[in-house]
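In the part that follows, the structures are each spelled out as structure tokens.
Note that chain A is present in both complexes that follow, paired respectively with chain B and with chain C.
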Partner chain A sequence: MTDLTLAALLPALESRFGPDVKVLPSRKEVLGVVQVKVDRLVEVARFLHDQGTFTHCALVSGVDWIEHIEVLYHLWSDALKGYLEITVETAPEDPHVPSVTSIWRGANWHERETWDMLGVRFDGHPDLRRVLMPEGYRFHPLRKSFELHEPEELEVKARHV
Partner chain B sequence: MSEMWINMGPQHPMTHGLWNLRVKVDGELIVDVDPEIGYLHRGIEKICEYRRYNEVVTLMDRTCYVAGIAWEQLYIMAAEEALNISPPPRAEYVRVLSQELQRLSSHVMWYAAYVQDIGLMTPFLYGMRDRDLILDLFQSYTGARMTYEFMRVGGVRNDVPVGFTDRCRKVMDWFDQRLPEYEKVCDNSTIFLERTKGIGVLKAADCVNDGVTGPMLRAAGVDRDLRRDRPYSVYPELDFDVAVYDAPDCYGRYRVRMEEMKQSVRIVRQVLDWLDRNPGPVLAEKVPRFVGTPSPPPGKEIYVERRGYPKGRGFSAMEEPHGEAMAYIINEGAEHPYRAKLRSPVFVNIAASKDYLVGYRVSDIPAIMGSVDICVGESDR
Partner chain C sequence: MNATNTSGTARIITHVKETDPMEPEVPFAEVEAVQSKEYIPVIKETLTGMIQRGLDAATKPVFNWAGRNSLFPLHWGLACCAIEFAAGFGARWDGERFGVVPRSSPRQCDLLIVNGTVTWKLSHKLITLWEQMPEPKWAIAMGNCATGGGPFRTAYSVVPGVNKLIPVDVYIAGCPPRPEAMLDGILRLERLIRERRA
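And now, the complex of A and B:
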């Protein structure tokens, strides 16, 4: 395993994956922000795990931007002592993203939760069930189309039914 | 013998909360595990999108009922990144003081519950009594014992009261005496040693790949503590050691937590000395009005409305008593976060349960799951 320094890591990603990887402006609390095309995600993840020392997948989450859905990965490296942020864009209707559970088992429940909350399907996931909401629940609550009502509003509605 | 599924939970003394551990057993042997959580899901991430930045603090206390103030700081750090506000130094020290007191009280609570699970009753009473001393300290400066609502974007709500540092030092002196006693009770108990040593093993490589963090990870010999490795707040200025142990079993996790308690006492003392020497404000000036002041309740347009405040994203990670917690806040210029994501260490530690339960006996389950230190409020959010 070749240990990459941070200065070498991002150019190495860019040279290896070309236009499928885009390094976005970084923020001070992460090592870097990298946008990856959906179909190259697993390859990039494998590269980061094997060559980039990112052995710990800390967080998989999603954001509903209405026009698209963004899936975020935060990876920790013990050598670089920091988090790398990977972002992937997918379509809002029937979103599909390849699963990274084959690389980090720890991503398993994070992906289940993202499916549960945002309706993102992770292809290749061994067991993509809901994790927090009950089986058979119809909604994905963190979508912006799912409206949260103030309690008083619900009360008024119930009274008028 | 034929295999069968057993539900341990949602109501079971082992669960310490509301969740269900489905175990597939062959006689007494565990062959498969399927944990089910969600019984305590309150949709905190969704509610955050409908609350002003400072109102979210109230929700964070409820996220974890044994370490509320840790989640307050986690959220506040991410929100401050997203809003580009920085707190005054004294506020940072009061925060770190709260963190370490909370770690102490959370670990003492864990000790009390765990040792009782194993079958020793007296340490439970020791633990609960000593935890009360810390809750009294919290009460004296936040006004509450469990749901503090103490941190604000840009600082903390109020300074510690007159005479607090001396009172706190007395409690720390008390803990200096008590912690060795805690250890003595366990280390001299054959029952405790028999039930924890070599049970619930999760090796270092599996811990890392499973995303397991906190005392479980350090018990397996992985030397990682975000307080030192990715310093936040004023931890770089404080002197402490990271507790690491090289037995990836229940006993190792107990050892790590015991050592962490001693280190917390050490940190608290340093912070108290600093607080005595350095008076100052505890809330930043120029915190934007709409971040701090309430206005009439919003309609559904809240996340479309733009107020012209600079957009930003905030990410924070910290060493919470249970492990590494993370928060991710997206600020789109409105009064409310556009998205708030919380990463609970307990959620991931439960997810990995198959790896450290399969192969052990049903009677080991309370000892193993107890050593994970589960807080269901936190894993379900």
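And now, the complex of A and C:
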């Protein structure tokens, strides 16, 4: 199968994955915004990597929307000269998302940082440790439920881990 | 129980004896030490201790003078304060005229200048470096971040003041402090060492 052109990309996604992908209104900075069901994420990522020429996973990040946690993937295509944005929603308590490190090796540390900051567990990740905070730190500071503690209180909590 | 000395060495009596208030209390171990001529090492020890203390009293001012005039800080930088630290030992401010020479190994240092923001992730390394330095040693918290967390005081990743981790002798305010302020802090530490208050 030849590489997809920009015009054929989003229709191909919709026809192949049906109701599991939802094309959201796009912005001018990206080629498109696609919402994917968690179960089909790896398949969609594999399709985009192999047929969609998105060979570079530029960014993995997340947003805490309180009622759900959204994990964002920014994929770069050299052929199409643009980013595609993929979003995945998970439950805020004990969020699990399949890892895409088997497709893009560069997603490794991005997923570690998302785990560190938001507490999203990436299933299948080879080495899911914290990146920015020390091992044993108990918080995921970018969660909305994380409150800015008084320094002394935070110190006590961080040292007695 | 059994106070008889069969082996010729002092034995430590571990049981609790019922004391008679009229009878003076003499520890068994002491009596046995005297009987077995073990007072000789005791006297030796006392004499050595006296000589040691005398030598200490004689050499302490010399070591104090030598130490306070050759404070060797650890050459490490954490944040923008490290730029001022580097400038302070450059040609313009020349901290070496006070005998302050940055060294690259904590084993050769007796002064830790914490110049920058310390995060919780760095705190273990900071404590390791501090423990690797030989005694006697001193610490200076340079700048607002090391003193009290600075603008990041309530941040989730920043230690609110390096005195949570190591004992600090001198605090230098400023964000960042100028090299003059850093040298002033070092001279204040020298004065504290001269008066043995640090």
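To be clear about the criterion, the second predicted complex is superposed on the first by the 147 of 161 C-alpha atoms of A that agree within 3 Å, B and C clash if a C-alpha of one lies under 4 Å from a C-alpha of the other, contacts with A are read in each partner's own complex, and residues count from 1 in each chain.
The definition used in the following text is that a residue touches a chain if its C-beta (ideal position, glycine included) is under 8 Å from a C-beta of that chain, and two chains touch if they have at least 3 such contacts.
All values reported here derive from a predicted model rather than from experimental measurement.
By the document's definition of touching, of the two partners only chain B reaches A:T55; chain C does not. Of the two partners chain B and chain C, more residues of chain A are touched by B. In the superposed model, A:L72 lies in contact with chain B only, and not with chain C. In the superposed model, A:E85 makes contact with chain B only, not with chain C.
In the superposition on chain A, A:F139 makes contact with chain C only, while chain B stays out of contact range. With both structures placed on the common chain, the touch criterion links A:P25 to neither chain B nor chain C.
After overlaying the two complexes on the shared chain, residue contacts for A:L148 are found with chain B and with chain C alike. Under the contact criterion defined above, the residues of chain A that touch both chain B in one complex and chain C in the other are 132-134, 141, 146, 148, 150.
Those residues of chain A lying in contact with chain C across their complex are 132-134, 137, 139, 141, 146, 148-152, 154-155, 158. Residue ranges on chain A touching chain B, taken from their complex, read 27-30, 55-59, 61, 63-64, 72, 74, 78, 81-83, 85, 104-110, 113, 117, 130-134, 141-142, 144, 146-148, 150.
Those residues of chain B that touch chain A in the shared complex are 37-38, 41, 43, 45-47, 49-50, 81, 208-212, 224, 229-230, 297, 300, 303, 313-317, 324, 326, 328, 330, 338-339, 341, 343, 347-348, 350-352, 380-381.
Taken in their complex, chain C has these residues touching chain A: 120-121, 123-124, 149, 153-154, 156-157, 159-161, 164.
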